[in-house]
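I'd like to ask you about the structure that follows.
Order of writing sets the labels: A, B, C and D. Residues in every chain begin at 1.
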């Protein structure tokens, strides 16, 4: 069986970000997979070395548009430790509201793209319509729908009104109902079940060995969540339960993320009731000087553990800032999950780790040219995978259900 | 579909409920209170201190010599094609001379067409 | 936090290694680069199974390159540990730890690309996310790197 | 041009905030398909290129290739301040600092990211400009 390379990307219609895949296939089976990135690298770490401590927060939030709140909050939390500032509790509450609301919006966005990649476009429109409510909440809370720059070094930049908090509680209940609806849908729809279960399985040992993070690891039974291991900010007090499953396939990843929408909704409701009074931030001078110190700040972004390392040698600018994004840790698990699968599973497995390429412009393994090349645009890949799936539904049903 | 009733109910409920689409250009849509859009700069209040240019993360504000405020004083010029609309300048301006309005129609055929609103 | 336990494990490999804990409960330890692999192996068997990240820092004033290995323990009573290793700036070579932590394949690729530290024994060491046609000695996160890579590559 | 515009979306290394706002414009609330704008799979079927991101060193050649693959008459809309001048990433070592350094651009939508309504504004004004006889593609 001669094997040839299937190239997808780097610029791809359904793939919102530039990422290059090369799959070495023999017939339908994928023998080897390589990911080729670097198309999204802007040199932010070097740029951060030329920004002051305060400005850096607003550059760090542009690492990724979907999890900008996580990057922004993680940077501000780290710099508060560097400058030894204690943000007021109300400011921390507002920052955590932006974290949890962003987890709901990011998971809903992922659910829509995941349904779209496996061919259910109506569900893509349904989920993204529900997501519009989080965008309205963000616009009211922070003044902008995406990249909200809500917190700053020393707390939060805007206060929340009582009316907003009651609206937040109503919307949190709505998100829980929608999460129930999608969970029942995913568990009852035979085509969704057949498409997602036993696809791209990541065993617990592989997840541990490859240091996978976030829902990808939790779906394989690995108890890893920064809010659980090392509760930062106000996560000691909020009601939090870690969600894990054992199967490790795409269905388990979907259910873990849908369940996490409910957990985030519960946290939002709890926070709306227990919001403390007081002011919102401690104002710092724009050219604040920092003592020579090293700090690591870790936050649970929607895709996993996000780590910022600061090194300051005294002065108004950081000496070195290291950003390790969650998607970077989940790239090797893609290759482990996809080898041995079919071409039709490529879109599902790749989307199942919720790759945020803007986050992780760090990984590339260049392929080895063997055999002739064949380029499939992704839209045809989805159409092809739907047809291939219909043809083999009966025989597959036996194998997968 | 083992239990397909609820999905049909959802579809029918969506069918009968009001359309979710906002017919945008024919229906005018206002951004919410506190939206950070086009910059409004009040030249009368400005003292030319340059704190906004110092604090801007995108280096979008340049201080330009301008005698309108006081002879020999410098005035900030906002490059909206570089600005990241974070409103740090408005927050740190001591004389509250900068405000970000709700105007989000920042479209132009050339980069220079999108300008900040300068009020004497 | 069982800092004594961690110190015993490390001192089995290298005597006199002192673990400092900063006021946020993070443990930092400095070891010589020749003992890197054994220390990481001992720590991994102890419970530090998750390698969070590898950070490269260019301390140009003391003419050394510093590499930090951030380790996350499985047991909640062990502190979050960072192992620090320094190598001379003109001879940037370190043993690769991909056999202990497979995920290091990515992190070491990044540190090589950004700082030019060669990891011996790394299965696939190459320029990670900068264009391949970039000349050998250009490593942007070095303090003496000025200018733009875009202008060099795209005429 | 009487037919409806077909769009192709190119992300050249931005933070994907503008990309999800462009995608948002296709979801039920804004629904740009009312104007017949469709997101197509390849640049060969496209009339409008939505370009986001400050063009980093590896995507520059791809962007140029895509621009040449798009059949004439073609129009380019640079969405977001990154696509206009590199925005918040000015000074980073791996970016060109704007899409117009690689291909001619017809319309700019500022904002970081711009609202879907602003993107609809740009497309509608572009349609009006085309019907007004302007043949675009030359940055006219």
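General observations
As a working rule, a contact is a pair of C-beta atoms (placed from the backbone, for glycine too) under 8 Å apart; a residue touches a chain by one contact, two chains touch by 3 or more.
These numbers were taken from a predicted model, which means no experiment stands behind them.
Graph distance from subunit B to subunit C, where chains that touch are one step apart, equals 2.
Seen from the C-alpha centroid of subunit B, the farthest chain centroid is that of C.
The pair with more inter-chain C-beta contacts, choosing from A-C and C-D, is A-C.
Per-chain CA centroids place subunit A at a distance of 25 Å from subunit D. Subunit C and subunit D have Cα centroids separated by 41 Å. Taking the mean of the C-alpha atoms as each chain's centre, subunit B and subunit D sit 20 Å apart.
Among the residues of subunit A, those touching two or more other chains are numbered 38, 41, 43, 46, 58-59, 62, 129, 147, 361. Residues of subunit D in contact with at least two other chains: 28-29, 56, 58, 88, 91, 93-95, 112, 115.
Shown for subunit B are the residues that touch two or more other chains, namely 20, 31, 57-58, 84-85.
Contact between chains, per the stated criterion, is found for A-B, A-C, A-D, B-D, C-D.
Looking at the complex, you find that subunit B touches subunit A at residues 1-4, 6-7, 10, 20, 31-36, 51, 54-58, 84-88, 91-92, 100.
Within the complex formed with subunit C, the subunit A residues making contact are 37-38, 41, 43, 45-46, 81, 208-211, 224, 229-230, 293-296, 298, 305, 307, 309, 311, 319-320, 322, 324, 328-329, 331-332, 361-366.
Interface of subunit C with subunit D (complex): residues 129-131, 140, 145, 147-150, 153-154.
Chain contact summary for the complex, subunit B toward subunit D: residues 20-25, 29, 31, 37, 57-59, 79-85, 104-111, 113-114. Those residues of subunit D whose C-beta lies close enough to touch subunit C in the complex are 56-58, 60-61, 93-96.
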